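Heads up, there are several structures right after this.
One chain, chain A, appears in both complexes that follow, with chain B as partner in the first and chain C in the second.
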Partner chain A sequence: MMTTITKSISLFAMLVFLSGCWDQVELEGRAYVVGLGMDKIDDETNQIRITFLISNPEFGSLAEGGGGDEPPQEIISFVANDMESAKDVANMVVAKQVTYDLLRVLFISEEFAKDPEFIRWMYDLTKSKEIRRDIRLVVSKEKASTFIQNINPLLESRPHEYFEKIFERLNATGIAPTSDLLKFFRITESDADLFLSIYGTSLQKNNSGSVQNPLNITAGEFQYEGMTSPIQFAGAAVFKEGKMIGTITTRETRLAYLLNPTLPIKDILTAYPDPFSEDHKLAIRVEKQGKVKTKMDLKKEVPSIDVSLPLAVEVLSNHSMVDYPKEAEKREQLKKHLDDEITKVFEDFIKKTQEEYGTEPFGWSLEARKHFRTLPEFEKFDWMKTYPNMDINVDISIRFSNFGRQGEVPKLEELRD
Partner chain B sequence: MLKQFLQKTLKKIPTVPEESSTEEIDKKQSNLNASLKKNLDLFKEIYQYPLNTDIQFREFLLGNRKALLIFIDTITKTDIVEDHILTPLLASEDTNKKIEDSIPVKSIITKTVVKDILIEISKGYIALFIDGEEKAYLFSAPNFEGRNIEKSENETVVKGPKEAFNELSSTNISMIRKKIKSESLVVESSVISQRSNNDVYILYLSDVVNDKMLSNVRERLKKIEVDTVQTLGLLEQRIEERPKSIFPTILFTERPDRAASYIEDGYIVLLMDNSPASLVLPATFWSFYHSSEDHYLRFPYGNFTRMLRLLALFMTLFISAAYVAIVTYHAEMIPPDLLLAIAATREKVPFPAAVEVLMMELAFELIREAGLRVPSPIGPTIGIVGALILGQAAVQANIVSPIVVIVVALGGLSSFAIGDLSMNFAVRMSRFLLLLAASFFGIYGIAALFTVGIFYLVSIKSFGVPYLSPLTPKYVSSKDTIFRRLLQNEFFRPGYVKPKDIKKQ
Partner chain C sequence: MQQSQEKIGIREYIAIITIMIATKVTDDTPILFFDTLDTAGWIAPFFNALIVVIPLIFLMKVVTRYNKGLIEIIDGLFGKYLGFLLLFIIWFISISALIIDTAIYTDIIGTMYFIRTPTIIIYGLIMAVCAYGAKRGFAQIGSAAWVVYPYLQVSLLFVFILTLSDSNLSFIHPIFGPGPIEIVKESTFTLSIYADFLYLFLIVPFIKDIHVFKKGTWAGFIIVIINVGIAFLLFLLLFDYQSLKMVNYPFHEVIRYIDTGFLTNMESFFLPFWAIASFIRFTVYIWINALLFGHLFKIKQFEYVIPSIATLIVFIGILPESPTYAIFELRKTLFQFTTPIFFFLPILIWIVAKLKGDFSNDDNNN
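Our next item is the complex of A and B:
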């Protein structure tokens, strides 16, 4: 005769043994993939080349019996059918169970991103339980496997740390967009906007002849020398309907940041021609003041969008030695000049999106949805089709915050007297 | 079957070859004899006179009648015997004068049954028998040895009274009377054991305490039918509702100020000789969670300590369980830097995380238990062994990872913030249960077990009072639960003890 207590105890004991948690693997039994590369092989086979960037936990650990001279990472590149089965395939070489728990970056070669089949592979990522939606998407100019093999930062030698830090800076400066997997799926599925992805390369373009404006380049065009990582990230890859269609420069990426109400940005350091001296450039810090206001009239025959963007500008260099704090007239002149310059840049970029891409990366379609009562109405409106013909005006209002820590400059003539 | 068999064997009184003492017990039930000689023989027989060395029989002549004094000289004030009893009696010429009138002792009672007289003598009374009288006069002169009032050691406070109960109930009652100067403070006494005649003192405020609860307590005390109940710790186990429960339902405190404040709120306090503490009943979860200092400190400081204690409570319960759960089942929850750090330290550790933590937890409990029992001259050894061998060397030998040492030490340290011994045990034991649940089912297991634990807490009652009241179920009270309110806003006595006077300011 069993009492209730014995019954429940034996039931509980059975629960423990039947619960099926025996497939769990201890932390140190796993190989943590931090970066995953995807390359196209050729058009015939339905396979891709997968590259794993596996982080070595013991690297740099000061704990008792730490890793010693082990390298920070392990890279393995092979042909696989998909990302999930690749985990098991990798075990022919890698000693531990491969997991995507720590996956932070997805590298895609430009060639693969431009392939119409690309989107099918992307949706494989939604199937895995381990892959989070906040991982970054990076398009590499060369093959992703080559790119990953060249990742060798000298200071932040642990790969996840390097990615975390550099993407944080890239986003804070607006040099490269915030491109996460969730945004990729959202924008692709809403079928209206452009998705911007981080663009990077390990190959420096060798055009030593011409001097580029470093504020208006894409990855590979930044010329630098020294002892550091060969990797550079600049500008963005443009995706339309889940397929890459081109790249934009760092300046254009920043413009997209400024116009996009959903993207956070603190301030941008940039340079514009000096109105009082043709030879010099004016370094300015541009700050978004409050929210971007987009006024849309979509019911008209030619729909129009009026964007008003309040900017606070700080002048940080003054090679023409104009005493802005004291000369109100010159200030007005400067303001007008900057207004014209920035508006022109914006207009050029918007024109480019209208003509070249057919839609915009500013997230305006989200705003536009509010002007329709139902989703079918919006779909009927067909943002992608109407956008190229829209009448778009950008109105910039500049407010000078200050002219550097010391506003005054000495008069050059007097100095050289 | 087995259970029934066990019950039978337990209830049956085993037959033993020794001589039965029932005859002697019967003798004690009888009344006194008028003949002093017979009484003397009876008492000498009961007390095994020449063998028993500290029992004194003093015979003398009171006028023309024989008289006899019986007392135990190790527990009575012998100068009272000489100066206040023998001297006036021997000097008195007038034989008709009543005994009560000639003896200057503060309390005189008379008894006729042998057993009752024996009880009083054991309490330090002096018995006077006079030939021809079928009663004994008993003069109070107890002189039990004991400690002085000392500082409280287990419930220390910085701001507040330092004195603690000691083993003499008269001192303990006096300390409570010192705090409650009221005529309605009742000190009721009752004998709860058959052979050792242990006294229990029931203290309450007659115009506040709920009568039903009081009679409930009296009844439970009456139900105890045992030969001896030496201390409050034993009494607690005799009167509690769920002896097998992991949670305590009676508060055990060594602080008179705490006991007094509970009495003032309508609770009942039990005191006993030989116990440097008091029992407060009924007790809720909050009485174990609170400390007297919470109210002595100013409002923000008191609540800060309460917050720390709450944090410590949860840390003790969950930290090692959460570590095991996250490391074994939910690695994706850990930020990359920490995950890699944990993985790196675990690289050369031979055991799974659950075993590792369990081992360290056991080691910690061992240090704690051993540290408690170790004779004080070799006490420091425990610290060296504990800290060095288990912390440093185990990590260096790659037996445990340093992170586990941190986790276990943090959990162990936090457990000390729960001052009450019983609740401390409850929390420490549930910690092991949670750890097991975590190693089998991860966070799901922790959450499930915690929920079951909460169900259980809600179901417990202490002398009819729900364990988590006034939080749930709700009662009129000063809402002194997780946090306390301003003293000015503590208007009511706790409604769940059903006091006769609910308003206290």
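Our next item is the complex of A and C:
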């Protein structure tokens, strides 16, 4: 038994050797890039503008020592041939060895994402030894370098912490999609579905007077004031075949969440017109009840998809002051109204995907694969070609869970009597 | 041949089998399968297992009949010259596989973890550890394997569970990939994922008794199939077939992707387990190789050859340029070359034994 122990110990001792003298770098000696920006340069196809968002590991740690006054981040933006050689180029300014080990977010300007050459640079990411596939992809409306320079969260001053938190919230609310590199490559390579990426901006669009529904906007359209971060994320950038082709609003992103069996979402808070009062909106909490059922008939001449989506709806506001608890009829009316409204919204969006994009972000091609026994059959079917002409029906069944914490509201006429 | 060491029991034997063969899922073996079989790549390990049972049964029959290792049986059945030739072929395949596999593992460490460390240092260290382990003798390899096996299995299980939470079951469709006929055709080329079972029959004299060997081999066989099958399936469910085909080393890509919510960069946690599994794997290989070498060239104290073999491996293994591709091709060729030998040799041995009348009722034989 002694020999076993000595053997195990010697094996572990060898591991110490493996940690290596060549690859050993002190934490202090490295500049950790947590955000990487990529921009197109006008009239230049073989170079891009790279922006590094370098996090300061000493900032905010308990063992601050002398580094207390250092800022939380450092930003450098320059023209480079590719992101690998940029690491060395940056050393002309940055004092430490640049590494992508802790890279969390990749920022791409909309302009660059729409460029057909864009995909070439994306594949550099699969080459790099330090980049893993769980990093997030963010498309910025303006130049990525401008966007990164404007990142200045007030309360979560360490940038990687800020990203982690805000992306978690964006995904939980369905306002922006989950978009990691693994998905980007998977969807691009399978060449059937649309990939949705987080869409953000640091520039607020000038208010043109009309107040928009904040639940149906894209980044930049959300009007807010105050002392907070200038960055906003809303909606999604749509990628087809590795190239950005458009944006969708927050509402559409949420619809994609609800229809896509691969995207997890618990519940969303949203608002719909009130059937009993034209001036008011009804706040509701929509929850996916069980699984989306996608029935496909692909052997027909015009293939059809029937989606049935069971939703649990909680009505959270009642500005029209209707007495729902007592009037079952009104509840039925409301149910029918919501059913119609939501179905219409779904149908509009699906129509948009068919006509404008030619394919969908709902992961339906995966669903369709179940109907084929072999790959050649599926490839012959050609999802992208057939999808625009498909006959798609959405069937929504609503179940009211409850009407808020307190069901009753006073009768307005009596109150104002 | 030196056989004075103590023999190993069933626990150690099963641990050795599993570590030796199931570790293959962590290199580029899965790509060999998915390259041609697409979404059906995960079926092949199960399908192969069904075919592989045939040569295994034949070999098992022969070995239990004689109650001897395959080396002695081949010598006895085929005589001096033909026997030497056959064993030499087996040895040659074994050393080629060893060189190719160690080169791949060195490449994995070099490209995925220790980027700046010179290849020769990584390679040299791996082989030094393995040679040292192998030199200590089979009984010690066995107990080392048994000591670490539960940890390795648990860490692999942990990877499986974490991968499962990110996987998507729809990726296994279309279930037959390129078509049922293609599956049958292509999987016969990849039989040699289980070819290492052939080597196990060489070490019969070092197992406690023939019943332990029989039980252990089948138990190990089942554990290996389950591990390999599940791993292949999960790779597919995480990456989808198109992306999976493009990845070099899926296991390492997986452990870089998964996280446990608050803990990211999990690969540094799994790396040591994988490293230990690889060490033990090559230790066994190099020991078996030395055993064969010792028998072929009449070296009684064959364990003294181990350091020289290890050195040879390092110097040959370091030769190929851009190893990820070059070795992948070599490996593919070796895979296709080994498969027929692995399948027909056991049947040939059985037929010769049958013709010699050794399966008749007498209880004594050559």
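Throughout what follows, the second predicted complex is superposed on the first by the 389 of 417 C-alpha atoms of A that agree within 3 Å, B and C clash if a C-alpha of one lies under 4 Å from a C-alpha of the other, contacts with A are read in each partner's own complex, and residues count from 1 in each chain.
One rule holds for everything that comes next: a residue touches a chain if its C-beta (ideal position, glycine included) is under 8 Å from a C-beta of that chain, and two chains touch if they have at least 3 such contacts.
Keep in mind the model is a prediction, meaning the values are calculated, not measured.
In the superposed model, A:E161 makes contact with chain B only, not with chain C. Put chain B and chain C next to each other and count what each touches on chain A; the higher total goes to C. By the touch criterion stated above, A:K7 is placed in contact with chain C alone, chain B being left untouched. By the touch criterion defined above, A:S190 reaches chain C but does not reach chain B. In the superposition on chain A, contact of A:E414 is made with neither chain B nor chain C. Of the two partner chains placed by superposition, chain B and chain C are both touched by A:R132. Overlap of the chain B and chain C contact sets on chain A: residues 3, 21, 101-102, 132. Residues of chain C touching chain A in their complex: 38-39, 109, 111-118, 121-122, 125, 128-129, 132-133, 136, 140, 143-144, 147-148, 168, 170-171, 173-180, 238-240, 242-243, 246, 253, 256-257, 259, 264-265, 272, 275-276, 279. Listing the residues of chain A that touch chain B in their complex gives 1, 3, 16, 19, 21, 24, 26-28, 30, 32, 34, 55, 57-58, 61, 63-67, 99, 101-102, 104, 130, 132, 158, 160-161, 164. Residues 3-4, 7-8, 10-11, 14-15, 17-18, 20-23, 101-102, 126, 129, 132-134, 182, 185-186, 189-191, 261-262, 363, 366-367, 369-370, 372-378 of chain A are the ones touching chain C in the complex. Chain contact summary for the complex, chain B toward chain A: residues 1, 3, 327-329, 331-332, 336-337, 339-349, 352-353, 395-396, 398, 401-402, 440-442.
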